[in-house]
Amino acid sequence: MPETTLQPVEAIETEPSSSFWMDAWHRLWKNKLAVFGLAIVAILSALCFSEPFLCRHVIGFTYEQQNLVLGPAPPSRLHWLGTDPLGRDLLARLLYGGRISLMVGILATAVSLTIGVLYGAIAGFAGGKLDMVLMRCVDILYALPFTIFVILLMVFFGQNIILLFVAIGAVEWLTMARIVRGQVMSLKHQEFVEAARALGLRRRRILLRHILPNLLGPIIVYATLTVPEVMLLEAFLSFLGLGVQPPQSSWGVLIKEGAEMMEEYPWLLIYPAVAMALTLFALNFLGDGLRDALDVRASKD
Amino acid sequence: MLRFIARRVLETIPVLFIIATVTFFMMRLAPGGPFDTDKQVSKEVRAHMEAHYGLDKPLFEQYLLQMKHLLQGDLGPSFKYPSRTVNEIIADAFPVSLELGVESLAVALVLGLLAGMIASFRQNSAWDHIPMALAMIGLCVPTFVMGPLLISAFALHLDWFDAAGWFLPRDRVLPALTLGAFYAAYVARLARGGLLEILNQDFIRTARAKGAGGARILLKHALRGGLLPVVSFLGPAAAGLLTGSFVVETIFGIPGLGRYFVTAAFNRDYFMVMGAVLFYAVFVIVFNLLADIALVWMNPRLRFE
Amino acid sequence: MSRSTGLRKVTVAMLGLSALATFLPCGCGKRETLVDIGDRTQEYRVGNSDEPSDLDPQTAIGEIEHYIMVSLFEGLVIGDPKDVSPKPGVAERWDISADGKTYTFHLRNNARWSNGEPVTARDFVESYHRMLTPSLGAQYSYMLYPVTNAETFNTGKITNFDEVGFKALNDLTLEVKLHSAAPYLLSMMIHDSWFPVPVSTIKKYGAIDDRSNPWTRPEHFVGNGPFTLKEWRMHSHILVERSSNYWDAANVRLNKIYFDPEESFDTQERMFRSGELHTVRQAPPSKVAFYLKYKPDLINDYPQATTEFYKFNVTRPPLNDKRVREALAMSIDRRAITETVSRAGELPAFCLTPPDMAGYTARAHVREDIPEARRLLAEAGYPDGKNFPRVELLYNTLQNHKAVAEALQQMWKINLNIDIILHNEEWKVYLDTMRRVDYAMARSAWGADYMDPSTFLDVFTTDSGNNETGWSNAEYDRLCAVAANTGDKAARYAAFQKAEAILMDEMPILPIFFYTRPRLLRPSVKGWYPNLLDQPNFKSIYLDPKAE
């Protein structure tokens, strides 16, 4: 089928210019689900980051304000999502925790994505000795004891939110790198890449302009898979003393503690899990929309 | 291909050596030792305990000694369980994890691949949305929630299973579901993403337009290219599944290997950590190798390089 | 408005349903559970909440191991199931010399090891020889230190064991000589460190001082207790069976005991609910209150001789100032903590030693007085909490520690207007930090090893490795030494009272509460008694299916 080879070559010839990004944006904007996802993420972020204001003026409780006499109470007019065993307002804690979890979820995913994609793409594209060395490094990092790594990080650098990203980034990019490498290896022998080579394009250019766009699908899917994993990993790091410290909260910690009491006080698990699921769905719609919008094949339509 | 495998096996030696070395020094850098408890022991007693395990020697000598023992296949005694050796503990616990791992992997692959294939082939229909929504929810329900939920429903209320334990064949059902469902969600999402990528390529579109049967296309063309991400993911995932899961083993009271990866580090059981890490490393290397072989096999354009 | 009340109704209904579902009787009239079978066959199934590190009473030191070893070994004296007072074990009776320094134990002539050999006075001497052999590195060797030269031998200063105060006068008579009177000796002897071990068996499988000696495997194991080891599968189960060679086998009613080592309290609680276990060592903290309220017949919540307290590092400002420590200790509401945060029926603690420790109840008390606390804080230079430096509270993440710390943090904020920073560390890192006294304030707890106030008060003497506060008081040390070297109970307890008063005046620690043991227990378990040390007595237990 001649179309297969011809069409990407056309894409090579027409240089993606600023109009490419404009087109992509337009396509994204036309995708209702994607806009919906974007709106949800934006609203959630806005709510979480205006938590101090909301707590003071709307909710009426701060995330750390206890009411030991009240204890764990189900949702009510006063506490819309109920309270935890120390009588703290769950909604306030959820909003406060969202700041940390959204930041961790999105930033740490972005960090691991960047490292993983570049690393995997270089390994897969270069092949040979370099690929061998790079991928054996990945094998080594997979095997090292993560718990000890986190403990060492904490002991040597103290508690620090940056360390959270380092610790999570250090493990989460590995599988991303493997997936990207596999894709690149299969793409680099396809005709349109051979054609770009024949046209004398530089390797970096081929990689960035012609191979990466074809990877968007798997990358975006895996990125949305990474977000919830990262948020829950944060709870484990908190257990080791690296993550958030009480009375602060995060969605991961709320879910972990809610799970311990899910039979007695189900709302403590349900609402944080709903918040996380909502974010994930929204990011997923947005991700699908982004992939379609940036798709080089679709751009011709 | 034999040359490729032989070379990879040779590469394994330096990789394991580096892992062992880094692990050794990481462990020793971590504060707190194997004999720290909340009731302090006297200096003399501590010295004798350390001497028993050779921990009183200079660090580098200990390192050389341990490397020598590792070369002989001797992983050493466990500090936490003094009358057992690490070799014994692994030999005892691994078969359990292997069994659970194979069963969970089967659940993950069957559920995940089916859902992914159906969803991608009937994109944007209910066949797509429902399994994918379930997969998304599965990702938000971590195993430490899924396990207790399943136990609550099927063991405590319906009384079909025991709440925990690893004695009868039916004891395998809930843990394998819990662990498998989580990985199934990953496999389903990755399979759908990869397959869509291929299905939307023009040669498939053309073939479909020309009326070629759906199933034939799916099997002949799409699966080969579309499952690459799943295969890449499965390398490390299978290694992790087969060597056990701490959370699931704890929830279901399973005497598997997974718990040692976490507790050995917490106990500062130096030799146990080393044994577990190296054992897992071999699995990671082997499964990544298998995944790489599968990649070549699925993509005839590639050669073993 | 109506929407939110509707929401509330739904949630209340949800709560009610889930609470109901949680405590619905399960398995009624359905298949026969393991507990039902056990009730018929006298097989007792115990949730023991961790894998024992070993079953050698001289090197395995935890509560988990202890609970199993009590079924496998028997010392000269055993603890009474109700109050842990010393009762005859292998020793039928004993004589104490007038000066309280010589104990003569008369062994029963029918005491047997599980391999059929008689238990002799020589066995005890050899066991204590092994216990005190320095190269074994037995953590609890100090439990034998009241005995003449036990310490000097254990620390390698003498090498001839004949100089140590243990002597087998004949096969059935053991003489124990002490360097000074120790009226709590018999209480100490209930502890595992005084159990006999089968030295000839141990020698068969390796060196006598080898911690890794595999003699505790089921295929090698020899003990002298009411039960003997049959199966041991790590993280799966330990099975012990009634020993036919035990001298009192006729009065042992259980045929088998099955110990489940799963370390998750939640898992064990679910196994209890599904009828897989007769008893669970500890109900999960989140469920204790529910059991107490809805299923009181399934839970036994008994006080324990274990105190929860915070340690102050008295070497660093601002906590080197006694007034600051007092202010912190006086400005918290302990009753609110036990009733609304930990919620397992704990007793608020105003001193270190739990009440009625072998007849001793401390008179010294820390007061709760917020105005006075504010005054002291102002006097120390921080009026209304102004300029109060950064103080971190170190804790380890387990059970309720975090919630208690958060509640106290809030109390100090409200009552004293000071910010205490919470900081958690992984267990071993925490232990290391504590050992180096590199903290400001840290949570801690201490449980009794035996029934005597010294097991608590000795912790804060200057030389104690467990002090970890930097606090040192010569008069306190002197009082503890006086108590340790007097046979007269009244004089000893008077010295303890004075010592505890100094401790509560100087405040190197902030007592919070005395623990309870919220044990889950099926009604069919009979002959089981709670006690302050959670000391089991499997001899008296039997299962009555009619009680279910």
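Each chain gets a letter, A, B and C, in the order it is written, and its residues are counted from 1.
What we mean here is this: a contact is a pair of C-beta atoms (placed from the backbone, for glycine too) under 8 Å apart; a residue touches a chain by one contact, two chains touch by 3 or more.
These numbers come from a predicted model, not from an experiment.
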Would you say A-B or A-C is joined by more C-beta pairs in contact?
A-B
From the Cα centroids, identify the chain that ends up most central relative to all protein Cα atoms.
B
Using the average of all C-alpha atoms in each chain as its centre, how far is it in Å between chain B and chain C?
38
Chain centres from averaged Cα atoms put chain A and chain C apart, in whole Å, by 46
Where chain A and chain B are represented by their mean Cα positions, the distance between them in whole Å:
22
Contacts with two or more other chains, residues of chain B listed in rising order:
30-31, 148, 152, 266
Which positions in chain A are in touch with at least two other chains?
151, 155, 263
Considering chain C alone, which of its residues make contact with at least two other chains?
21, 266, 426, 429
Considering only the defined contacts, which chain A positions touch chain C in the complex?
64, 66, 68-69, 71, 74-77, 80, 82, 85-87, 151, 154-155, 159, 238-241, 245-247, 260-261, 263-267
In their complex, what parts of chain C are in touch with chain B?
21, 24, 26-27, 30-31, 34, 51, 53-54, 56, 59, 61, 134-139, 141-142, 154-156, 210-217, 233-236, 260, 262-264, 266-267, 270-271, 273-274, 276, 426-433, 435, 444-445, 465-466, 468
Report the residues of chain C in contact with chain A in the complex, numbered from low to high.
1, 4-5, 7-8, 11-12, 14-15, 18-19, 21-22, 266, 284, 286-287, 290, 336, 340-341, 397, 402-403, 405-407, 409-410, 421-426, 429
Sites on chain A touched by chain B in the complex
1, 3-4, 7, 127-128, 131-132, 135-136, 138-140, 142-145, 147-149, 151-152, 155, 174-175, 178-179, 181-183, 185-186, 189-190, 214, 217-218, 220-222, 224-225, 228-229, 232, 255-256, 259, 262-263, 269, 273, 276-277, 280-281, 284, 297
Interface with chain C, chain B side, in the complex: residues 30-33, 36-42, 44-49, 51-52, 77, 80-85, 89, 92-93, 148, 151-152, 155-157, 159, 162-166, 249-256, 259, 266-268
